[in-house]
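Chain naming follows the written order as A, B, C and D, and within any one chain the residues start at number 1.
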Amino acid sequence: MSQLLQHLINGLASGTIYALVALGYTMVYGVLKLINFAHGDVMMVGVYMGYATAFALGRQAQRSMWGVVVIFAVAMVGCALLGFLIERFAYRPLREKPRLTALITAIGISFALSYGFQLDIGFLPGASPRAFPEVIVPSEWFIIGDRDVVVWNWQVISFLIAVGLMAALQFLVYRTRFGKAMRAVSYDHRTAALMGIPTDRIIALTFMLSSALAAGAGLLYAIKDTSVSPLMGLYVGLKAFVAAVIGGIGNVPGAVVGALLLGLVEEFVVGYAASTWRDAVAFAFLILVLLVKPGGLFGRVAAEKV
Amino acid sequence: MNTAVSAPVTSGSGDALLQASGVSIRFGGLKALTDFNLTVRQGDLLGLIGPNGAGKSTAFNVLTGVYQPTEGEVRVAGQRVNGWVPHQINHLGLARTFQNIRLFRALTALDNVKVACRAQGALHPVRLGPAAKVGTALRNYRDWWRALLLTPGFQSEERELTRQAEHLLEVMGLSHRRDEEAKNLPYGEQRRLEIARALGTRPKVLLLDEPAAGMNTREKADLMVLIRRLRDEFSLGVLVIEHDMKLVMGICERITVLDHGETIARGAPAEVRSDRKVIEAYLGDSYLESHGGAA
Amino acid sequence: MAAQSGGVTTLPGEDVGRVPPALRGLLPVLIAVPVLALAEVLLGSSPFATYLLSVVGVNIILAVSLNIVNGMTGQFSIGHAGFMAVGAYIAGVTSLELKEVALSFLPVAASDQVLFTVALLAGGTCAALCGFLVGLPSLRLRGDYLAIVTLGFGEIIRVVVQNTEAFGRALGLSGIPQYSSVAMVYFWVFLTVLVARRIAGSSHGRSLWAIREDEVAAEAMGVDTTGYKVRAFVISSFFAGIAGGLFAHFVPIINPGSFTFVKSMEVVVMVVLGGLGSSTGAIVAAIFLTLLPEGLRSLFGALGAEGSLAQKVDQIRMPVYGILLVVLMLARPQGLFGTKELWDVLPRWLPRKKKGLS
Amino acid sequence: MRRLAPMLLAALAVMAAACEKKTQPTGEAGGAPAAQAPTTAQGGGTPPAGDDVIVLGEVGALTGGQATFGISSRNGIALALKEANAAGGVKGKKLVVRVYDDQSKPEEAAQAVTRLITQDKVVLILGEVASSSSLAMAEKAQAAGVPMITPSSTNPTVTEKGDNIFRVCFIDPFQGFVMAKFARENLKLNKVAVLQDNKSAYSIGLTEVFRQKFAEMGGKITVTESYSQGDTDYRAQLTAIKKTQPEGIYVPGYYSEVGVIARQARELGLKVPLMGGDGWDSEKLFELGGSAIDGSYFSNHYSPDNPDERVKKFIADYKADYNGAVPDALAALAYDAARVAIEALKNAPDTSGPALRAAIAKTKDFPGVAGNITLDEKRNAVKSAVVLKVADGKSTYVTTISP
């Protein structure tokens, strides 16, 4: 019983992180119909930015409340900037070109970032993973039985931050002018442009938003799993992408549900079946969902108007 | 539903090539089409009119298998085709054009037509029993090998296809555009190319979805002549959706009028024109001012 | 793009005038075989050239075959490495099983090549079977969703291999007899290209193009879109399987790490860079992208001759590769040749050359 | 835009030509860069004077999933060469090493080693860490008759590829045995769980032997769970392991993962000691694991406590060259492998394959930093292993276990 509870906690914890990353995929896909393969790597860069900031702050400062805020702020702003640059120079010139073209530049960026950060030249961090500093001093908040189930403070804090970010996003997309414009662009960006919506700006902002979100997600991820490495973006990115598709890519609540489901499925496969088959089951689950619901759980396959 | 409406009227000859009886379709709670009846025979030239959103294109989509009817049945060449997919229905002899032109844009005019010619020749005409299915699969398989090995038979077949397609282009007056990519053709020619492509499938019934949209008066007049000619030359039954009353009244022998998915009138042009319901439907739609005036 | 000429379905190179129709189908083979034999003799003494050319060849097969699905049919498969893995492992295991067998009525070398071919075909067939399975969801799925299924399939294959003792698990399968030769690889390259070209030029190809251009219209014109999509998948994965089989017979060890999602993406990149739908484009891109890292190695080797940086230059290749991809796509978004083939584009660069090759 | 495609074609032709050119390496010494006049670049690079250098080849994973290990190895080899050159080189010739990246893929390793042999004409090959890549290289090196020394591939099959393939480390079966024996006899554990890296042949190999030996010695393996290299969340596996209430967990993976595993084990309330192999050896382990890794044990080739001057000097030199990084086991083994190679070059009458092969095979009681090296008839190093205990951010010597 306690084991089941522990698995639930674990699954939800990784699910929330997947969700934050998946949201980035989903937003960009929503407005551009582009699978942004560089998203995971942007996340990785964000984590390194946070890592560098934490070091610059020093051990004492990084653990204070404002220290954490500064770390998140620097990483998120830095990533938003990176997202802006990527969109401006690698995607925007190709917007009216075949969709696959932008996909290739996304792959190119992904390669450049993930391989680039493996270099040990100059400021680049090199290939080995590094321990992410404990910016939230761990303490046990909640214990069941003889330490059968332990919930840590940072788990709760991360969860709250993640939920907060998602709520903010939901608000932004469905309750603000920007969100309305974003949804309009998502529906048809040419028409949106004709209606006087500054499409370029909206798309750029979407990119910045999703990149900032990725940085936040990445930091929570690094806090949770205590390490940072250049390839983390690749692994997390792929899973988060799968999560977004399970939920119905382009759909905000869908991404969250898909991510939580994926987190739980993975957790329970490892916990109760064979850990060697985790990835296969994750993808089989994805295929199964798509075969039953071709547009993902919440997505709708746009019925083509004939 | 008044009785005058449901009584079938025909002027064509022979068996019904296309028959819709009691067809209804619902999208969620929305009734897009209610109790739709229609019969097309060889030599028919029928019109399907109605204001915007009346369900004309929906009717086309049900007939051609893009949508499945919620109720009622569709028969093509006597075969019940509920549950069939569009290409199977096409193989029974039903071809169509699209309201918003859907050519294979990057292909040449000739290739557009050849796609259709070939697909009809492909060897999976109707739904088959298991044994025949295997036979079809085998022939299909052999067909691929013939293409890969470039057998003499295959080569002559290709030449024959080209000849057919060229003939159709000529009929539609598009020979000079033979090697032009479809997307580079002017609008009117794209419409004509769509018809040529539909003819490539060697249909018995041709469904034209607003063939005259976007054409000027002169082009429309030419089109009227052309449609008649096609019907006679290819022994077709033709069903035309059209906004332009003048065009429809000019060529169609019988007209069905839809409004809000319901058939509100049916009969010869003169009858339909004077039908009170039809006038209401159109005037209510301010249709006559915007479109009728321009025509 | 300003396309003026022949369009996509002309059969240049096959418009060999004055060749009797009966011979036309075989002519390319008759020309290719002696050429390949000659190449083999010339290259036999240079292992590096042989190895590099083999890798290039395998990548050409992968790119050209993927082009049938991604380029001609307009579907989007990003699991090509999965099919390659199936081919590689099945062919590899077959060859290992048959290692001691020799066909007594043939000289050893010839017998080996026969067994090699058997192994290749076994690998290709299994891959084609998988292609069929993956193609089936295309009944229901479109666009990006289908892409994800192919990706998922590729990853599942990798996990299966990693957990199967017979496939050597994480260590991989080694000791596969190295039967492969440049001639063999390029014979299959040649076959792949020939098949791709002949499909493109036939009514089947036109149906595929039609699906790519407008699925609804294709269906309405009587094209069995599902059937054609599945067939495109089957053919494409067959050749991916063959590529894998060849790969397994010149690479000393095959290992799940060689068939990851990244490999699939590399092939997609080749296809897009070459121009979706252009077989020759895929070929040129495959050659270019395969030689690029090796070329960068030469370049950096020549530049960075000093100090510790020299040992780091080889690391720089991959980030540079990534940046080059971005630059290339920005410079030429429609790919090298668009949907055209090499000969459709060439005359414009070489104005004096006689036009109308197509 | 139209210009681009022909340019690409041209570039391609140039590249192909460059690849085909039988170039001598353009010479770069690990150290002494001043002594090595950089050659001017022309196409693929012109050969240097030729007779005054001996070229070694190295293949390593400098990018990709195993880059961490490849880079350590490269550093170790570079250090060995720098020292040798500072001491006057071999027979009056400078040593240079050509390093190629294999992106952690065996087929790239095969390509790189083929290039080293045929284009760069290296006399001897060093590398890889990953056994899959070493196997690929071994096949090519054996066929070409070029001797190859792998510093740290522990899979037994690597040296079985032929008489030109050597290694300076012990093999998986021995290491698995060492830890099983230690767990059973020194720690007196009865129930042990195993957490293996399913993507690493090394980890699978160690697991297999450990499970077998531990069971033979009367212990019980409660459960075997797997993760994949690159994972960062092991809570699911650890929760499942916790259920079986083991007295210890054998984690034969690499430090890049083990540190995080230790933290998460403690987080879930698993306080039992972790045990592992030489893949743990890196100062990064302490950084990644923090205090969570304290009280764990691993088998290794050598102990950094070793008061031996040689080891101290190696660590000091390495730190000086690489921004204060402490060498890990892979760096130490690579350093040893390079020194074995250099020794053989000194002893061999010439640099031909057979002569070098014979010289390497004669290596006996060679004083490496990672233990003395004696190569047996199977060309594997016969070494005893040490078991180290992790505490307070360093590892301390516990015991030595001999074959």
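The working rule: a contact is a pair of C-beta atoms (placed from the backbone, for glycine too) under 8 Å apart; a residue touches a chain by one contact, two chains touch by 3 or more.
Protein names from UniProt, one per chain: A, C = Branched-chain amino acid ABC transporter permease; B = ABC transporter ATP-binding protein; D = ABC transporter substrate-binding protein.
Here the structure is a predicted model, which is why all the values come from computation and not from measurement.
A.B. asks: In terms of CA centres, which chain lies closest to the overall middle?
C.D. replies: Nearest to the common C-alpha centre lies chain C.
A.B. asks: Count the touching C-beta pairs: is B-C or C-D ahead?
C.D. replies: Looking at contacts between chains, C-D has the larger number.
A.B. asks: Calculate how many whole Å lie between the centre of chain B and the centre of chain C, each centre taken as the average of the chain's C-alpha atoms.
C.D. replies: Once rounded, the distance between the two centres reads 41 Å.
A.B. asks: Mind checking the centre-to-centre distance between chain A and chain D? Centres are C-alpha means, answer in whole Å.
C.D. replies: Computed from C-alpha means, the inter-chain centre distance equals 34 Å.
A.B. asks: Can you give the whole-Å distance between the Cα centres of chain B and chain D?
C.D. replies: That gives a centre separation of 71 Å.
A.B. asks: Give me the residues of chain C that touch two or more other chains.
C.D. replies: 162-163, 216, 312, 315, 318
A.B. asks: Touching two or more other chains, which residues of chain B qualify?
C.D. replies: Touching at least two other chains: 66, 98.
A.B. asks: Find every residue in chain A that makes contact with two or more other chains and list them.
C.D. replies: 115, 118, 120, 276, 279, 306
A.B. asks: Going by the contact rule at the top, pick out the chain C residues touching chain B in the complex.
C.D. replies: Interface residues on the chain C side: 3, 5-9, 14, 21-22, 24-26, 194-195, 198-199, 202-204, 206-207, 209-210, 213-214, 216-227, 231, 339.
A.B. asks: Considering only the defined contacts, which chain A positions touch chain D in the complex?
C.D. replies: 3, 6-7, 10-11, 13-14, 115, 118, 120, 126-131, 138, 147-148, 150, 152, 221, 224-227, 229, 231-232, 234-235, 266-268, 270-272, 274-276, 278-279
A.B. asks: Report the residues of chain C in contact with chain A in the complex, numbered from low to high.
C.D. replies: On the chain C side, the touching residues are 70, 76, 137, 140-142, 144-145, 147-149, 151-153, 155-156, 158-160, 162-163, 216, 261, 265, 268-269, 272-273, 276, 309, 312, 315-316, 318-319, 321-326, 329-330, 333-335.
A.B. asks: Please give the residue numbers of chain D that touch chain A in the complex, ascending.
C.D. replies: Touch list, chain D to chain A: 62-65, 67-68, 70-71, 198, 225-228, 230-233, 235-237, 239-240, 242-243, 256, 259-260, 263-264, 267-269, 282, 284, 287-290.
A.B. asks: So in the complex, which bits of chain D are touching chain C?
C.D. replies: Residue positions touching the partner: 1-2, 4-6, 8-9, 11-12, 14-16, 18-20, 23, 25-28, 30, 33, 36, 38-39, 41-45, 62-63, 65, 74, 78, 97-101, 103-107, 110-111, 114-115, 117-119, 131-132, 135-140, 144, 155, 157, 198-201, 203-205.
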